[in-house]
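Following: one structure in structure tokens, then a few remarks.
Chain naming follows the written order as A, B, C, D, E and F, and within any one chain the residues start at number 1.
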């Protein structure tokens, strides 16, 4: 029995609120248990220098936590004057994941900035951010279509993420909350498409290791969880979900 | 008639949601029209070096905006590696204001960090931040009392802030939204106590000036608005409001 | 009786030396009691990116102190690698104040940089800087006129600043020296034009408050002091003062 | 047939030179094809603040490239004033990997710094760095034992890393050189122990995806390659290899 | 005939004003032709970490220019967020030079900070800074003696600096102004004691070279100039000069 | 008798390995006793802003040490976020020295970056860097000639560097190792051309001084050592040495 009463293969309660703030082209609040992340997609009419004049676009992500999103207050990265390694790792992961399901030729010379700001953290903030970022990006692309700034839907597939792990008692569990995550021997983040293909797989056993058969067990748990998460994304997107001919 | 249909002496709709996130000792979401600010008060069991061993505490504020809180996306200060002058000015203002209504001897060797994070901006973010920060700080102090970590309520008075201005048509208006603020000749931020005394007064006429009589007109408008705002704070605080024997 | 023997409504001795160093287009040493500030106005033949191609100019200010301008040595901001909040606040104030009395269309696509470097501090450095910066800027504009680089005087009005405050004994006093400033309950910086209109008003009661009637008392004291200061500016400018048809 | 004539399951030529420079407690030059990395392990007699007084040690890694280790010169991170996200990601990966095979209680209150400096890059620098870092760390621990500063060997297992990938022609290949890496659809870095257990698994399909069966194919290829690499480590370590009772 | 009418072996007019500002323990304004540098020596009652508990002191220097000390305005180093290489080179040179003539045991656990701020530059700012810094440091030491904080004069010798160079016409000249310096083939900075011994010698031929005989010619010119400069220092120090039993 | 058995006028063993790494246009490993420096010359097809459109090139140097090149590990400058004063001083010295023997008109609008990375330090790293940098730069220029990107050899002369010093026993010694350097009273770095002309001369007596006759003794020792070093450079360059018609 898990700390919050879930079965090993059970997701936490997940909600996705669209149009959460008014300015962004796509704005989402995603909650996964007590983890809450605002995901805003902003469209900018220019691309980074290395892409100028190539007729294609770019998508990039940034990730941050409010100082008191966590149990203990963290010093702001702007006050420290530098971005932490963990933050960089996460925002690179979000950006790479999104680039696997978007056809950048179809957005023209535009950059989509996806800002993922954690306002409350209880484990799984990076996978919640990817799941919410996908919805916000889709909304921004739908808006570009509606405004007739682009001609075809650039999103090529669904995309969602979750974490799986191995407890100290060697059980595989799905969607770890903070307490579970801090005790787990192994933590595996999975990012998958609507077709069940892998986009990213990051497994780590800090001060521990895992066997091939444990890996398989985790992969199965994650795959089944991700199917449910993609259904929640579809519900949140409503009509817009149909424009993704994955 | 103002852009949003208000009278010149009319505040925007204001709501204060307490206990907005779960980790901070005091957590508030304040909305002023379309401006939304999360104000979190965190209590830390130590003080900055200049106060060590003096038996008294400290309170300081930080202010930030989500990148897409505004019409155009702003680059994160953590990415730029430095905090903008405007941000510093605002967080210094919030901190000074709070220090006017808190007896730092009574909180012992603790620091209260008040984080004001704007998630949606439509003018008046710094005054909304002060008004919300006061409520969050009060909640944190009440918690310290309930946990019997301190003996007496350190908050000595109510504190609220609003802006007043002069339109290009020379009319004094209360509680400017972004559109009004960007066109106004003069912008005056007022921070006041529950007794109607001034804590901070910052009037500025970028590329314009104002006369003594215009100053008086603005001060009257602001004073009447601040009384209403303090009533909203009292409602939000409920029972806790009574512990402030101002 | 004040610490230096002045009456409550009495200014400190003020001198303004023009052409203090040889390179700047306008160079001034201003002394206000023991406070000494070098104000240099430099004209650069280009504008910041946001103004390019608009045919108008820009004026901006920077403020710094020599490390040992003060009783205790301060670490250089260049060594710390960042500019303090106080410094940013002051240089933004100086810049905004100057922009209220200069017609930027008339200086063409030029930037005027006004550097205010405090070589000795004894209170009131920001108001001395504004008062000196105005004279340096006027001299630089006169030079642009003499060199026939511009056609009309861009300075539209006189501009001066001083501070007023409330002592612990509740007396309003004019032009606070460092000792008075560090003890005062309230500190109000006033920036005014030659017509007695307000440009900036920054009143603050760190750990204290002030009443509307105290505000009025301070405003009267400051207004009378600023008239005398503008006369000193006129004397320092000599002929050049006549070119300001305010 | 691969670009350098290898079979799909063939490693590049690998050499490990021990005692490469004279100052470090453990110093190694590892070459993997044309990739060359200096791995130096330094022992410091103190631990980071979060471990002080706990009687255990810490191991951390840093990674850098000489500016011209690559085809195009890269700007030094010290000149840019900040460490790139890619660098942080890699040094966090190296550190976590090493912590899985070292018993930090056994090194006492010491920090082992492992510096991995790439002097020539041709793909696989991070996996070469891990493989070399393990040897350098082992040498440093042997030295601590010989100097009787510690009593037992803290290294608990062998540790090596390599990369596997999927070519555009959908073939799984082992140990990608730069040319292969830049064309591959999928890149999977594997870190394993001497018992064939996973320590880290990082698979990414930038702008592509991979199926569960492709994952299995890659895992098998990598596992067989890592066995050979661990044999090369044993040869390089000679006697010292016997002290690891994994 | 030189640009300002001097003979090749003739110094520019030099003045040294003592007690230039009121706060520092030693304060000097030195002018060398149109070069003007404020040199302030500050005594702090502690030493850097590497000297703590050793019973001896430290002396270090910082150097900066006002932004418009030069013909063209320079961006402030605090705004750029880093100290330029040239600045570091100069402040290291000033510090090393001073350490050659001070007995750090005799100042106890104190740090003397010598701030050299150029308010007007016309060549030779680093040598003027050294010459002025020596006088400021001596004044600070005399004050320590008078206040009975130390028992013996720690200054062991006089110290002065000047520059010599080779013109494009191959003539050796003494004490180069900016115009001469920017045209010279060779620039040699000499720092010497009152006994005519070398402390520092920095000769550089950017895009040019110099022969051993040219070196000798420059050394003679510099040595004779430095004797005159030390006489000017003695005059400025008056009584205090006698306390240096060099 | 010196610590390593050398005569006072004897150089340490010096080797220069050309084509040390594969990517740079010119790559050299220089060893001077136990000091080992990789010197890589990279040619970039553009110049810094101040030279654009002038038809001439630029050469600049960067210098760094691996963290454990020294007895004690040094923190990386990229981690500290700033380049140390010592580093800046050295890279400015290397750059200036190289500019004295290269005709920048002849390399067209190109920048040559010379990276000097110390992998093992035992005194004299800056002079080894200059000596190696000259060889790497020459190789890069020969490559430009061979590729017919330039028409004439831009290197105008040989260039080498060494150090000389005065021991506490007042003996002049050549080519100081780290132990000698840390004890020496005086340290003089000499940079010379193949014709025996000075390019740079940097003599310093931290906490000591030196007489004119000691200077002469050191200059003679250094001059004779530099002749031998240039012969070693010629051997390393082989054929390429003939293209320098100095």
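Throughout what follows, contacts are C-beta pairs under 8 Å (C-beta built on N, C-alpha and C of every residue); 3 or more make two chains touch, one makes a residue touch a chain.
The structure displayed is predicted, hence computed values, not measured ones.
Common neighbours of subunit C and subunit F, by the contact definition above: E.
With chains reduced to the mean position of their C-alpha atoms, the one farthest from subunit D is C.
Although subunit C and subunit E carry the same sequence, what matters here is overlap: shared residue numbers make up over half of all numbers found at their interface. Note: Cα superposition of subunit D onto subunit F, rotation of 180 degrees, nearest 5. Subunit E and subunit F, compared by their mean Cα positions, are separated by 28 Å. The distance from the centre of subunit B to the centre of subunit F, each centre being the mean of the chain's C-alpha atoms, comes to 60 Å.
Subunit A and subunit C have centres, each the mean of its CA atoms, that are 51 Å apart.
Residue positions 81-83 of subunit A are each in touch with at least two other chains. Round the ring, the chains follow in the order B, C, E, F, D, A when counting starts at subunit B and proceeds to subunit C.
For subunit D in complex with subunit A, the touching residues are 82-83, 85-86, 88-89, 91-92, 96, 99-100, 157, 188, 193, 195-212, 215, 219. Against subunit D, in their complex, subunit F makes its touches with residues 21-24, 27, 34, 36, 38, 40, 42, 44, 62, 64, 66-71, 73, 76-83, 87, 113, 115, 117, 119-120.
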